[in-house]
C-alpha cells in the first residue's frame, strides 16, 4: 500500500499549498496607510507605459499615500480604451489623443488631464541609406521611406505607436505595402529587435529605444517634429455610466498624476540610467498642444 | 551561447541573493499552479475513473469533451473566464477579475481535462476482467474505486505531472484574468513576457531558468514518487 | 438437500441476442460441476451470473434459499471466490494480493498467516514478498488460486483456470488442485475446454450450447453418450472445441 501512501503525501502537500495560497496576501497592504472603501483600482494603460518602468516607480508612492491597491493592466491602446468603453477599468493612462477624444465625447471617460509627453523618433541603420538625417519634417521623412522602399518595420498591433505611424501614412495619402514594409505584430522591443536584425527603419518611442540602445544596431536618424510627440493623458471612467466603478480612487489617481511632486518625479525618471529624461512633465499645459 | 550562459548565471544570482520580487513571483507561481493542479486532481481523478468504468447516457459526449479539452488553448480559456468575471459578466459581482483566484480557476479549467483524460486512459488500459476480479474478491463499491485508483496510481501521477507542467507553463490565461499586476498577480510566465517586451532579455532568460528549475523540481519529485513504487 | 447456489429462469441478453437462457441449474454441496461447450455457448456468462458479478436481465439467482438481490449481492459475493483464466493479480506484493480478499472483508487477525499457508500449499510462498506483476504465468495462477482458497469460499467458481498455463506445469497444477479440492471438500464450478480436467476433477458435467443446457450427467456418461454434437466428430482426444458452428479450429 506504499503507492497509496505516496499519493496521500502528495495530497497533503497540495492541501498545505492551497491553504497557503488561499490565505490573505499581505504583501501589498502597508501598515499605517489609510483604508479606502473600495480598495481595488484598475488602471488600464498601454504596454509601452508599463515597459518604460515609470509606473513601477509611481504606483507604490500612490498606494502608500492613499491605501488603494492599483491593478495595472497593460494592454494595447485600442484595448485600453475599449476597457473604458466597457466599464472594465476605473482609470486610464494612455497616449492616443484623437481616440481619447472620441471616448470622451461618448461620455465614457471624464476628468481627462494632460500628464506628460515623450516623443517618437525614427531609427534605422547607421549608414542611413534613405538619408533621413538631411530632412526637415516628418512628412518628408516618411515620403522618403515610402519611395526608397529600403525596409520599414511596423508594430502592426494597433498600439498608440502603431496608430501614430498609420496616421502619418494616411495624412500623406500613402498606402505602404510590399516586401519592404514588414508587419511585426509585436511590442516595441521586439519590433526594434526585428528592425535591427533586418537593417530596416522603424518608428519608436524614445524611452524604449534608449533602454535597448546597447543591444541594437540602430541610430536615431530623425527627431524633433512636433507631430511626433507622444502625449499622455490620465482620465477616469465615467462612474455615472457604469456600475462598480471605483470613482473615488480614480479621481485620486488623476489628482496624483498631475500633482507637482509626481510631475517632478516624472521629469527625473530615466536621468540616472540614460543621462536623459524619458518623459517631459506637462500637467497644466493643455493650451500648448491644443488638446 | 554567451547570452544563455549569462542568463543562467543571472538566474542563480537572483535566487541566491534572495531577490524579494523574484521570490514572490516564483512563490505565487507555485501557489497558483499548485492549487489549480490540486483542484483538478480532486475533481479530475474521480471523473476519469467514472468515465472509464461506468456506462451512462451521454458518456460518449462527456468523454469527447474531456478529450477535446486536453488541447484547449490557454488563451481561449482566459478569454472565456474573463468574459464571465468582467464587471458586466454573469459572475462579475464576485469581484474576481485580476486576482490570483481567477488565475487558479482558469488554470484549473486548463488542467482538469488533462488529469481526467489521462486518468481515464490509464483505467482503460487495465484488463476489463480485472474489474470483475476485484468485485469477485468481495470489494464494496468504495473498496472497488479505491483498488482501481491504487492500480492506476502511476498513471494518475503522470496525469498530475502533465497537468502541473501545462499550467505552470501557460501564459495566455494568466495574463488575461490575472492582469500581470506587480506584487499581486504576476507569475513567472507573465513576467517573462513583460521583460521581453521591455527588452530585458537577460532578465527574461533568468526568469525562464527559474521556471525550468521549479517545473523540473516538481516533476522530478513526482517521478521519484512514481518510480519508487516500481522497485517493490 | 438445498443447493448451495442456483439459478432459476434466468435470461441474459447481449443486445437483442440471447446469450443465456436457463430454466434451472444448481450447485449442490461438495460437488464439482464442469461446464463444457463451444465458445460462445454461455459458459462464462453463467459463471459470472452465479458469482453475482453480472445480474441477469430476468430470473433469479439463489444462494442457499436466499434470493440474491442488489442489496445482498455483496454479502453473497463475499462467500464465493472466482478464478479467471488470467491470474488478474494487482500491482502489489504476492502476499498483499493473497490477503486482499480477507482485508476487504475486514479480517485483520491471522489474515496474513492464512494467506501464507495457502501460498505454501500452492508452492509459491517463496515469492510472497515479490511484486505480483513480475511472476511467470504459472506462478501467478498459483498465487491466484491461493488467493481464492484463502477466502474459504462456499463455492469456488473457476473460468478455464488452467488454459493459459503450459502443458507440463498444467498437469502438475491440476493434480495439486485436485488434492486441495478433495481435502477441503470445496464445492466448485469449473468452466473448461479440456477433457482431462473434466475427467480428473468433475463429479458432474453440464453441456451448454447457444446459451441453454443441452445435456448433463457424470463425466463418463457425457463422454459415452456423445449427446453433444461436438464430441462425436473426431475431435482430438483431450480438447473439446467449438466444432458445432464450425467457426473455429
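Of note:
Chains: A, B and C, in written order; residue numbering restarts at 1 for each.
To be clear about the criterion, a residue touches a chain if its C-beta (ideal position, glycine included) is under 8 Å from a C-beta of that chain, and two chains touch if they have at least 3 such contacts.
What you see is a predicted model; the values in this text were computed from it and never measured.
Which two chains touch most often is answered by the contact tally, and the pair is A-B. Chain centres here are C-alpha means, and the one lying farthest from subunit C is A.
Here the spacing of subunit A and subunit B, counted between their Cα centres, is 32 Å.
Between subunit A and subunit C, the centres computed from C-alpha atoms are 77 Å apart.
Look at where the CA atoms of subunit B average out and do the same for subunit C: the two points lie 46 Å apart. Multi-chain contact residues of subunit B (touching two or more other chains): 150, 232. Counting partner chains per residue, subunit C shows two or more touched chains at residues 91-92. The set of subunit A residues touching two or more other chains comprises 1, 3.
Within the complex formed with subunit A, the residues of subunit B that make contact are 24, 30-32, 34-35, 37-39, 41, 86-88, 92, 95, 97-98, 100, 104, 149-150, 153-154, 156-157, 160, 179-185, 194, 196-199, 201, 222, 225-226, 228-229, 232.
By the touch criterion given at the top, residues 127, 129-130, 132-140, 143, 147, 150-151, 232 of subunit B touch subunit C in their complex. Chain contact summary for the complex, subunit A toward subunit B: residues 1-4, 6-7, 9-11, 14-15, 17-18, 20-22, 25, 27-28, 40, 42, 47, 50-51, 53, 56, 59, 69-74, 86-88, 187-190, 192-193, 208, 211-212, 215, 242-244. Listed in rising order, the residues of subunit C touching subunit B in the complex are 48, 51, 53, 74, 77-78, 80-82, 84, 86, 88, 90-93, 100-101, 104-105, 131, 147, 151, 157.
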